[in-house]
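Listed next: structures, encoded as structure tokens.
Both of the next two complexes hold chain A, though its partner changes from chain B to chain C.
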Partner chain A sequence: MRTMRRSRGLQRLGALLCLMAVVALVVPLAALGIGAAGTTMTIDQTTGGLETRFTYETATAPGETVLGIDFAFPEGTDTAKATADAVTLVGLQRSNVTVETQAKGTSVKVIFSPSVEPSSTLRVVLHDVLTTYAGGKQTVSGTYTTQTGTHKLPPMTFTQGAPTVSQRIGFWLNRQPLVKTWNSVPILNAFFNPQLIAISIPILFWGWLLSIALIGVAYPVAIPIGLATAFLKMSKLAPVRWIASAYINVIRGTPLFLQIYIAFFGLPLVGIRLPDFPLGVIVLAVNSGAYLAEIFRAGIQSINKGQFEAASSLGMTYAQAMAYVIIPQTVRRVLPTMTSEFILLFKDTALLSAVGIFELMMNAKNSAANTGNVTAYTVAAVYYLMITIPLINWVGKLEQRLALSEGASGSPGTKTRKSGALEGMARMAAPVTADAGTPDDTDGR
Partner chain B sequence: MADPIVRIQNLKKAFGDNVVLKDIDMDVQKGEVVVILGPSGSGKSTMLRCINRLEEPTGGHIWFEDIEITSPKTNINEIRERIGMVFQSFNLFPHLTAKDNVMLAQRRVLKRSKDEAERIAEEQLRKVGLGDRIDYFPAQLSGGQQQRVAIARALAMDPHVMLFDEVTSALDPELVRGVLDVMKQLAAGGMTMLVVTHEMGFAREVATRAVFMEGGVIVEQGTPQEVFDHPKSERTQDFLGHIR
Partner chain C sequence: MSKHSKWIALALAVAMLGTAGLIAGCSSSTASTPGTTGTTPAKATVKTVTAGTLVAGSDTAFPPFESMNGNTAEGFDVDVVAAVAKEMGLKSEFKSYKFDTLIPTLIAGGKFDIIASGMTINADRKKQIDFSSPYIDSNQSISVTNASTVKAAADLAGKKIGVQSGTTGQQWAKENIPTAVLVPFDDTLSAFAALQAGKVDAVVNDLPVSAAVVKDATRGLKIVQEIPTGEQYGFGVSKANPDLLKAVDGALAKIKSSGEYDTIYKKWFGVAPSSK
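Moving on to the complex of A and B:
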């Protein structure tokens, strides 16, 4: 009796040990059976709408021979070009499995030959599955066929981002045969890659807006700086003139690039810390102010002395004569040169990319670096030209109109030459005489 | 005799070493039309320009209506309101229409209302024969028309004296007459005028006094008949001989 009890106790112990052993065995072999726990599905793209490689890893259960798997992808998936290959692992024996692929709508059926034996690890790789554009968590379900019949495949999920409109266009372009031919020409591919054009347009747009914002604030600030400096430069007090000259000469005599570095790297060293945008605006405005000062000074001094005398003889003060007689005429006369200066300054906003301001050039540089292709620079060029070309045309018209209106009271030839000379003078800071300069649009910086 | 409206005493002007006016004395009475003659470089224009201090005299004194304009304490802008000046090169403001040219100083200096300035501008332009050109820009007008706008512009300030600095010299001959006609009218209306000119006919007809200058001094002066028909100095005779 006592023995029996003891033996029953042993039996219980044995059963418990057996159970523990089974659990110990089962846990690492959790992936027993297709789609069971431990099955994984990974993808090689993070954005939807691209040809994606799906890697499906699972294991067959003991006694389960798998003939094929039918993967059902989410709505919008295109499997027409999908191909598959498979590898099995039985113990340490690794073998390739020939796979027949049958694509149908959003699903791909893979049929193994030979069939996958029981208790093997199986890896199926599906190539070129064109995923849906939808972002977020996506579910792959389907069925698998064994010797006993067809069974439901436990659903698997993967996560992807939704592509932007321009990315979709780019992906679509990428698949067009004509685009492929186009891109096979190296120069077209390098500078005018259609997909990258589509993708760059919205990315660079924000940089373009920032460039416009920079100049849109900086230039209106530069105008009063230039006007004030022009008057200081014409002051009767020599020290005042020296200060104005020093500012003009230092700014005009050094590269804007250097000025940007001094402002962005030098000022913080002496405790002056400003956010990038206002600091960028200040550098541009201070730079352009010096050029505008010379443009204004040349413009004011080009106005006939008789105008000032006539205003004075009518009892007008210096300020009144300037405000109502000299400046309005000066503005008309220097408007073309001012516009040219605006164009130059707008292009120079690109230099701010060197200190990490995400304007147009910086965005283009990033895109080019990411893609290893300079198409983004081409797109940036178009963005710059969208501003500069209309302005260049406008300057031409202004100059024509000016030549006409001034020419009406004298010989048109000489007057046109004079206004051209004025522009040259302003840029070169040559002595103010009508014949000192030649029309010169080149940038002296 | 009443106090002169313009009194010039010992006026001297030099540009650096170049002495232009040596020692000028002259009184102008109200209502006089003084024509100033002389070869170029004789200092006629400089003298005229000293009267409203467009040129700063280097010596001497000038009084205008008993105010010494050469004194540093004088606000010259207030004096200039009452001294009209017309230039050889017109000096109209090219960005303004004829009417706006005439209105500008009325509005800004005399602080006249827009309506009043406009009314006076139109009236003055009509008087100089440009009633149909008030909205033209200077570039759209002939030289003679421009010069008449300039006269209207000066007259709109109600000046007590008008200075004319070779106002017909830059004009084509056929345009001179219109300008001289305006000046004759003005003289007939009793305006005090100082006129630097080479127009002998005008001088003879309109001037109450002719002044001959040379080398920065007044060589001879008198009625036009005295100076033109019986010049006393040899230099005057010589100059008039060349002009004819």
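Moving on to the complex of A and C:
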């Protein structure tokens, strides 16, 4: 009796073990079939109302041969233009599968030939499925057919946002006959595609802000660097002058592009790791500092020696003479050149796109690469010009004012290229405003 | 002085006009003389940018398919194009372009005849250009530094991923790891340089290229996930030049059947192409 019970207990245990073994075997098998865990459905558009590419990746179970899949998309989806292709892989080795696509209403049926073999990875790509305008979390269900019959496809979800304002404008433009005519001209379509202008403006705006932020921090940092270097270069001690010269010559003698690569790819290799933004700012500031140093030095040296002598005769020290007499006059003279340097540096922020900083140029490049259309570059050009054109005009005005104020003197001693080039203008303006010369400018002849 | 500068200004204006005219003239002449009209050998009836030469546009920072060895391009694609060109009775030449400019440049015409740049044949690109029949299979991969704790795609949520701009790797990463920040680079090798420099946490890129890059132990990189995408590379040909497409396909079939393709494959990948 006892032994019997015991043996029954053993039997039960055996049955349980058997059952467990079967479950253990079946579960992984079930997990391998179409639509089981590990199956993914990805989309290439994050907002609704666009022709979307769906990539469905799954695996067939051992013993499961798949003849076709019928995808049922949510209500409102338009599959009229949909096409499909597929590939099956065992490991990394692909085999060709031709796909017959039958699109009807909200469903796309794909039939594989040859059928998908057991235990292989299956990737089905559905192109140009027009999703619903409203977006949101949506479900794709359907059926699939194996050698044993038709089964329900485990549903998958995908999420799309509602179209942005610029995309809505794009949709509206799509429907306008005038826009269609406009885009039928290749050059207008390539450079001034209205839909892409609408979409690019907000995307590029953030890149534009980053470009402005880069220059907005870098340039104020570059000014003290430049000023300090200018004084070092005018030092009485030769080694100090050499250091300043070396810095100026190396920076001015090499492309900014190369300096950016050294900073971004070279420095980290020797353990100097900085986040992208500060590193970008440093490269720009160090680069501009060298140019500003030469601008400042030329500006200071352009002030007539007599000014310095006069200041000394009043009992001023070197520092006082610099601070109260020389520098104030220098500022006015170098302001146009400094502004030009600012414009140059602002445009050079575009080079940072090569090292993965999402400034204006990078955003434009991305848009152009994604759309195969260069309209984004046109929009980027407008963004750059919005900063540079007002500044260019301002430089013009500054130069004019400088020419007028120095008109009476027409200093031949100016060494900066800009003020040198201005002398002709200054002389021409001189007869009209002969008395416009500032009283502190004793440089007359 | 002012008289003098007037003359200089005039001379400059004339020079500028002259240059503009020259550019216009040149572009129209390249457009109108692409090749071989009249008495040419029967073999070379296809139109090419430079008569007698098959010029390939390529992003030559994509070993082992194409990379620069000094001034000359070398790699699997380079050898295949040379063999194809020879079959067509032409010489071959490689010109370097950024990957994401290849398709617009091919469409614009006049610079090169085919794209040979490890370019995956896909539907989006097929809308713009034609592709030859596939010449090699490829897949995707995720590479990280040896010290990285990243084991698979799932670990990259919210991280920075380096990709090459305009590639299928970029698409894959964007669609499969939507929370990651993608950092596009002009070329693959720059993306790997950024990975080494710690600027990105991983690089998603074509498997054969990543494998070739991480093989260089000094880089300190490894592949943590091979992604079976079953992509195939093809040579891109302008839709305006269907004769060239036909000729390239014919030549490709010939070098495959003659065994020359296998020889090139073995040279660059060390194994014979797996038969299907």
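Operating definition for what follows: the second predicted complex is superposed on the first by the 249 of 445 C-alpha atoms of A that agree within 3 Å, B and C clash if a C-alpha of one lies under 4 Å from a C-alpha of the other, contacts with A are read in each partner's own complex, and residues count from 1 in each chain.
By definition in this document, a residue touches a chain if its C-beta (ideal position, glycine included) is under 8 Å from a C-beta of that chain, and two chains touch if they have at least 3 such contacts.
Remember, it's a predicted structure, so these values are computed and weren't measured experimentally.
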item: First (chain B), second (chain C), both or neither touched by A:Ser312; value: first
item: Partner chain(s) touched by A:Pro278 [first = chain B, second = chain C, both, neither]; value: neither
item: Contacts of A:Gln320 with chain B and chain C, given as first, second, both or neither; value: first
item: Chain C versus chain B, contacts on chain A by residue; value: C
item: Touching partner for A:Gly63 - first (chain B), second (chain C), both, neither; value: neither
item: First, second, both or neither for A:Pro328, with chain B first and chain C second; value: first
item: Touched partner set for A:Pro268, first chain B, second chain C, both or neither; value: second
item: Shared chain A surface residues [contacts with chain B and with chain C]; value: none
item: Residue ranges of chain A touching chain C (in the complex, touch as defined); value: 40, 42-44, 46, 53, 55, 83, 85, 87-89, 91-96, 121, 123, 125, 127, 264-265, 267-269, 273, 276, 354-356, 362, 365-366, 368-370, 372, 374, 424
item: Contacting residues of chain C [partner chain A, same complex]; value: 1, 100, 103-104, 123-124, 128, 137, 139, 162, 165-166, 171, 174-176, 178, 183-186, 190, 193-194, 196-200, 207, 226, 228-230, 232, 274, 276
item: For the chain A and chain B complex, residues of the former touching the latter; value: 304, 306-307, 309-317, 320, 324-325, 328-329, 332, 405-406, 408-409
item: Interface residues, chain B side, partner chain A - complex; value: 52, 54, 77-78, 80-81, 83-85, 87, 89, 91-95, 104-105, 108-110, 138-140, 150, 153-154, 157
